[in-house]
Each structure stands twice: as C-alpha cells, then as structure tokens.
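Contents: one structure, followed by commentary.
Chain naming follows the written order as A, B and C, and within any one chain the residues start at number 1.
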Amino acid sequence: MKNTGLILAIVFQLTQLLLVVLAAPLLTGWVNQCKAWLQNRSGAGVLQPYRALNKLFHKDAVIADNASWLFRITPYIVFGCMWLAAAIIPIIAVDLPFSRAADVIALVGVFALARMFIALAAMDVGTSFGSMGARREMLVSFLAEPALLMVLFTASLISQSTQLTHIVETFAHHQFILYPSLAFANIAFVMVLLAENARIPVDNPSTHLELTMIHEAMILEYSARHLALIEWASSLKLFAYIGIGIALFLPQGIIEAGNWAGLPVAIALLFGKLVLLGAGLALLEAMTAKVRIFRVPEFLGTAFLLAVLGLLIHFLLGT
Amino acid sequence: MQIPLILQFVNLLASILLLVVFAMLAQRRILSLINLFAWQGGILALSTFVVAYSTRQHHLYYSAGLTLVLKVLLLPWLLHRLIRKLQIRQEVETLINIPTTMLVGIGLVIFSFNLAAPIAELAQGITRGLIGIALASVLLSLLMMMTRRKAITQVVAFLSLENSLFFAATSATQGMPLVVEFGIALDVLVATFIFGIFFFQIRETFDSLDISHMEKLKDD
Amino acid sequence: MIELPLLVLLATPLLGGIVLALLGARSWAAEINSLMSGCTFAISVWLAIVVIGSGPQTAFQEQFFIDQFNVFLVALTAFVAFTTSLFSRPYMRIEQHHGKLSTAMLHLYYSMYQLFTFTMLVALTTNNMGIIWVAMEAATLTTVLLVSLYRTPASLEAAWKYFILCGVGIALALFGTILLYFAAQRVLGSGGTALLWTHLNQVKGQLEPTVLKLAFVFLLVGYGTKIGLVPLHSWLPDAHAEGPTPVSAVLSGLLLNVALCAVMRSKVLVDGSLGNHFSGNLMMGFGLLSLVVAALFLSRQKDIKRMFAYSSIEHMGLITFSFGMGGQVATFAALLHMTMHSLTKSAIFFAVGHAVQKTGTQQMDHIRGLIHVSPTVGWGLMLGSLAILGMPPFGVFASEFLIITSAMHDYPWTTPFLLTALGIAFAAIFGRVQPMVYGQTSAKALPHTPALIPVFLHLLLVLILGLYMPPYLANWYRQAAALLS
C-alpha cells in the first residue's frame, strides 16, 4: 500500500515535470499574443515560441573563441535549475516526492544559482554588453531577492512552515480566511515577478536597446541550442514564478498526489488560471511604461516595503 | 481564533488604508495625491459602513455617509478647484528624498505596532490590531506633513491625519458618540475652508505656495 | 439648578459672535463686544456663586459638569476676556487709525473674539472628553485668522505655523481621546456615557492601565502643544509676536489655561487607573524642560512680545511642573499661579501693546523712555514685569514661593533647575525692561488715550491676592486642589 502510494506520487511528479517543460513556452507565447492584441497587432500566435525553439535547435552553435567551459555549461545548468524549481513547486499536486527536497528558501537559492551562472557566463566572453547586463542583473536581483524572501516568509508565518506543500495545504484545504498580509505580499510578489522575469517596467524582453536591456544583454553571445535552452529556461522561470504565485495566493484546485480522479480537473483549472494570469500579466505590461534603470531600485524598494508591511501586519493582526 | 468574515474584511480595509498612506508618502504628483486622498476617504467610508453593519450601530451609518460626502466628494473637489485656481505646479517637493522617507515610514510602522501590541492583546475580535494600524497611519501622515515643502501637500497630509484618526474612532472603537463625530467633522470642514483662505493669503503675499518662504521667524 | 446660568453663560458669547458677525462693520461693534464680554463675566460670577454654594453638579443630561476647579477657570476666563475687550476697544481704534487694520478686519476680529470666548467656555464646562477636543480645535480655528489679521508676511507665517502645529498637536490629542474611549468602552459599554468625565471618574480604577498610559502620553503631547510645552512650543512666540496684542493677551492668559485644564482632567483619570506617579512624572519632565528652555531663550529675544511669549512658556512650564508634583499644596500653588499668571501676563501685554503703538516698533532696542512719553504705560510695564518676575508683594511671589518650597520638600533635585531658570528669566526681563521704561526718547503722543484701567485693575488684583487672600477664595482654591489631587 505504501509502495503504491510512492509509485503514484512518482508518476504524478513525472506528469508535472513533463507538463511544465512542455507548457512553459506555451505560456510565454500566450503572454506575447495577449500583448500583441493589446497593442492592436495580430501577433505571431501562441505557438511561436515552439517554432523559435525548433529553429534554434536546428542551427549550428557559434561560440566565441575566448569562451571557456563555463560559457558552454551555463545553458544546461540554467535550464536544469529552472526545471528543478518547477518540479519542486506544487503546480498540479501537493506532496510530490521532489517537494521535500527543498523549501521556499532553497527554492530562492536555486534561482540564485541559475542567475549566478548566467551572469558569470555573460562576463566570460568579455564583451562590454555582457558585463553591463550582468551588473544590472545582479543589481536587480540583489534588490528583488529580499522582497521575494519577505513575501515567502509572510506565507510561511501564516502556515507555520517553509515547505510550499504545507503552505498550499494550509491555504487550499482550510476554511477561507482573508489575510490582509497576503494581499500586501501579493502585490510585492507581482512586482518581484516583473523584475525577475525581465518584464516591463524593469526590463523589456522584446527589445535589444543597449541603453536599457538587462537580461538580453547577458545572452547576446549565445546562439542555436544554447540560446534555445536559455530561452526555454526563461519560459520555465516565468512558469515557475507564476506557479509560486498560484501556490501562495490562488491555491484552490491543487490536488493531492495520487488523486487520479482529480487530475483532469486540476490540470484544467491550472490552465484556466494560467490563461487568466498570463492575460493579466500582459495587461499589466501594456499599461505600464518602462522605468529608467535608476528608478528600478525604487520600484523594488517599494516591493520590499510592501512585503515588510505584509509581514508586520501579520504580526499585528495575527489572524 | 476564527473571526467572522466581515471583520476580516475590516482588517483588510485597515491594511489597505495603511497602504494608501504609504502610496501618498511615495506620491510625486499633487493631483494623484489628492486622488489617493479621495481613495482613502472611500476606504474609510466603506470600513465605517461595514462596522456599522456588523455591530448594528445605526449612528455609524451617518458617519459613513458623512465621510463619503465630505472626504470623498467635497474635499477632493475643493482641493482640485484650488489647484486649478491657484495654478500650482504639479510636482510634490520633498525635503528628504522619497526612498529615505519610506524607510523612516517602515520604522514608524514597526514603532507604532510595538506600541499598540499590548492593546492588541487586550482587544477582542474586531479591534485587534486596528489601533496599531490607525496609529501607524497617524504617524505616517505626520511624517508626510514634516517632509513636504508645499502648503497644499501639507494640507493633504493634515487631512490624511484626520482620516486616520477618524478610522481609529469609527473602526477601532466602533464609533465615538455621534455628537463628538459631528463636532470632529465640522472642525475638519472649517479647517479646510480656513486652509483655503490661507492659500490665497499666502499666495497673495509670497507669490508662491512654497512654505520655505515662510522661515523668517526664527530665534537667533 | 445650574442649568439657567450655564445656558446664559454659553449663549451670551455665541449670540455676541453671531450678532457681531452680522452687524460687525458698525462703529459701535467694539462697545457691543465689551458689553457681551461684561455680561459673560457677570454670569460667570453668578455661576460661580451657585456652584460654590451647592457643590459640583452636572447639567443637560450630564453633558456639562461644573465643579470648583472649572468654575474657577470659567470666572477667570470671563474676567480676562472682559478686561481684554475693554482694552482692545481703544487699542484697535488706534490700529485702525494707523492704517494697519481695515473695517473688514475689525469685523472679523470682534466676531471671532466672541466665538473664541464661547469655545473656551465650552471646553471648560463640558463633561464630555470628546467635546473638550472639539472645543479646543474650534478655539484654534477661531484664533488662527486673528493671528494673521495684519496680513503681513510675518503674521501669515506665524498663523500658518500656529495652525499646522496646533492642528497636528490637537490631532494627537484626539488619538488620545479615542484611546480613552476605547478603554472606557470596556467598562462602561459603548454609547454616550463612555466619554463623560463624571462617569469615567467613577470607574477610573477599572480602566485598563496600559491603554490609559498611552492615551495620556498622546493627550499630554496634544494639549501640551496648545499649552506651549517645549519642544512643541515653536508656534507660540510667533503667534504672540505677530498677532494683534489683544489676541496675544487672551492666547497667553486664557487659551493656555484651558489646554492645561484639559490635561488635568485627563490626569485625574489616568492617576486613578494607574495608581502610580506616571502622569505626574511626565508632566514634571515637560514642565521643567519648558521652564529651563524658555528661560534660556528669553535672554536672547529682541522683540518685546516674543520675550513675553517666552515668559508665558516659562510660567506654563512652572504650572505644569507644579501640577505634576501633585499633592494638595503643589496643586493649590499651581492653581494660584495660573490665576496670577493670567492676570499679570494679560496686563503686561496691554501695556506692551500701548508701548508698541507709541514707539511704532516691537524691537526692544528702539523702545526707550516710556515713562517720559506716558507715565501710565511705563509704570504699567514696569510693575507688570516686576509682578511676573515674582517680586513681593505681588501674588506671583506667593505662588512661586509655594511651588518652590513644595518642590524642595518633595523633589529637592529640581530646586537648582527651578531657581536657575527663574534667575535667568529675572535677569533677562528686568535688564530689558529697565531701559525701555527709563531711557531717553523722542516719541510722540497718541491721538487716542490708551485704556490702561485694565492694566492697573489686573495688577491691583495680583497685588491684593499677594498681600491678602480672602478666606472664601482660599477655600475655593483648596476645594479645587482637593478635586484634582
């Protein structure tokens, strides 16, 4: 009986892994499509990221002469990290085997690891754009990380656990309670999400304007399969972040591992949420203007402030 | 520990109120500041209404209505008119830069929550924590008042201070006696009119609403 | 039984304010103002006699409460308001004659003067801690436009500072009141009675100490801004220096007292709840700080009205300190000093007003030889200054002596501070006033004769009280002191 439970859990884990890795470009495509619609363009279709990945995988990689092994290995590490993160987060079910591997703090660490590698690789080739992008990326993440941790701590305090699985269980399977602190955390999280995923107003994923780009500046030297992996990893990161958001703020519908009957409903619900949240993200991006890089600290400072306020309000109201 | 949903809603509104005060503290444009002030009034009216409904205190409905008329409609409208009439420039000018103000603000919130913690332990249900939030809003409004350079932003800060106090009066204590509330509302209204008179006098005399012109009286 | 005098007492200034607001631009507005103030004073005496005869009582569904403490302040307020109105009649005419004030401004002045008296009387007589707040705020609102009456840049600045600082201060007091209500609600239940002072006073032992402690801090800081306690005093010298002199006189002589009365009402409740000397210590600290800082600032002033404004801060500090010490004797001394200060300081401002009108400047370096220009103004200023500095045989000496002896007895460590501060103040004021009164001058006479009867009436009262305290008055003070301690 115990064995079957374990096997079932592993099956669920594999389902999630596959689902995530396959659906991530779709989410990116959907967000881009929504943005196109909001800008009165017809857009390239939601499947465009797949086509782009396909194209990139079929090209030959060009690598700078002075690139070291670090440059080559980074795409794989980044992709691996993001996939792992997406596996840890309870996206379709709680109590998955991987979820015990890391709590939210370790999850932030996984993201940090990927970021460190990509920044090192950007500087590895020695172009000025790469170094500049790396520097800016580190600045953004340096400011975003405390805010993210504060958001996660707020949720952890409420659920008395740093395991995402437990957090989801607390929120999803108990009576509905309004947590003002979570409302604050929610806004802060959205701001962190925008910053960490190189979205407007912090960065613009669709331009290569040298004065403003952050993420794109770091990966300018990559091509072909390496670029494909990094792009895919970016999609996975967005998916993972939205997954965390769902787990923290919208966990209704995440089932327990082994609940076959609930699986189709869970997946349908997940897609519903992703469609809505993706559209929301596009709307948010369409409505805001990109801020100057000097204002990014203020933007993320606000996120941090909100997260801290959420934490404080939790202590005060103590519900 | 479970408290009714409607009271959780009041808690949520209280938190939003605090958020609005922070937003006002961070605001760089005067018109947006006034809009935020109107929002603050709206949240105040709503929370008063919810408290009135949940505690069945009829006089609080009047307070809610009064707040709605006075603080959401009348005062912001007056301020907008004043700005148009006086042709004030749009930027809020601060004495300390905004991120520093925010950090000080967080400090104030921690301070006031600490101060209110023993009270929160005493209070039952609804009022738990609301005093702390009200106190934090009061202190933040004070901070805004101290760090702004223009007369009109100081006035908005003053009104936000009154709003925070009104919140403490209606939500945290479930309503002061009606006569007191009316007295307070009347005072605020008269104060706003006097502020308006002052704006014209100050502008007539100094050709500007920047109160840094008014730093002549000093002890030396 | 006290309903009738109370009703008439409050109705008279309100009516006066309305009548003057409607008809104020007439030439006889000043007479109406004095008449109304005179009536108010007469009624306050009537009320005082009734209350002393029959003891503390409430009126109008307990919304008002009169005891020996506040009826004493009511009488004092009405008296000083009356004499100030007598003083302001010729004073304001001269200002108008000099072209400093227009008829419209006088119109505003007279109606606001009556309304200001009304708000102070409401603040003093109400039983409702919330209404005290409302009345105190209304008192600010009625006086703020009076401070900027001259419309000079400096007066506007002073009024703005006054408005903002007192607005903030009073807002903090409201928070304190809310906390008080919050604590009272748990004992008395919500509704009308939970803010009534008489009810609170009965259950003060059951009020939650932690809440009351916090509430008192807010109330003290809030109303303390009005009292002019350091470090919240910065509006006070400006408002006193830039406003018209009658306004300085009533602000200094009356409004500060009313604010102090509100603090004392709160202190009684807090002491009952906490059962320790927390509020007293706080008041002593603020009082001592105000006394010392004001004395130091005093010696550096160049503007005569500013200097006496700082002297008001100093004396308010002393009174607050004395109330803070608590106990029968100290409270008695504080009440006595409150009376003496009100009478003396308003007399000084009257004299200063005329001195300024004669010389056309408020700078002390330019005021010289008052005794040659007008012996009455010169003597008034000299005697008033001697009185406020605590020279025997004036009453201020008696009250200060009482305060210092009780401080020596209960808190010996404060004595050096008290004596040093009073010494500095003495040196500063006396050193400034002496050349102003006796120096050489070339100033011209005024077209209107100054009304100096109020000056000498006040000083005479101070002198009499210093020499001989009528037994019924002493008894009255004693009863009031007993109520407070």
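Keep this in mind: a residue touches a chain if its C-beta (ideal position, glycine included) is under 8 Å from a C-beta of that chain, and two chains touch if they have at least 3 such contacts.
Here the structure is a predicted model, which is why all the values come from computation and not from measurement.
Undergrad: Assuming chain B simply isn't there, give the groups of remaining chains that still touch in a chain of contacts.
TA: A | C
Undergrad: Specify the chain most distant from chain C by Cα centroid.
TA: A
Undergrad: Going by C-alpha centres, which chain is most central here?
TA: Per-chain C-alpha centroids ranked by distance to the global centroid put B first.
Undergrad: Averaging only over C-alpha atoms, locate the centres of chain A and chain C and give their separation in whole Å.
TA: Measuring from centre to centre gives 66 Å for this pair.
Undergrad: Could you work out how far the Cα centre of chain A sits from that of chain B, in whole Å?
TA: Centres of chain A and chain B (C-alpha means) sit 37 Å apart.
Undergrad: Quick one: chain B and chain C, Cα centre-to-centre, how many Å?
TA: 31
Undergrad: Going by the contact rule already set, what residues in chain C reach two or more other chains?
TA: none
Undergrad: With touch defined as at the start, can you tell me which chain A residues reach chain B in the complex?
TA: 175-178, 180-181, 183-184, 297-298, 301-302, 305-306, 308-309, 312-313, 315-319
Undergrad: Considering the complex alone, what residue numbers of chain B touch chain A?
TA: Listed in rising order, the residues of chain B that touch chain A are 1-3, 5, 8-9, 11-12, 14-16, 18-19, 22, 26, 98-99, 102, 105-106, 109-110, 113, 116-117, 120, 128-129, 132-133.
Undergrad: Can you list the residues on chain C that touch chain B in the complex?
TA: 128, 130-131, 133-134, 137-138, 141, 144-145, 148, 151-154, 156-161, 163-164, 167-168, 171-172, 174-175, 178-179, 181-182, 185-186, 190-192, 194-195, 208, 210-211, 214, 237-238, 241-242, 297, 300-301, 306
Undergrad: For the complex, give me every residue of chain B touching chain C.
TA: 57, 115, 118-119, 122-123, 127, 131, 134-135, 138, 142, 145, 151, 154, 158, 161-162, 165, 168-169, 172-177, 179-180, 183-184, 186-187, 190-191, 194-195, 197-198, 201-202, 205-206, 211, 213-217, 219-220
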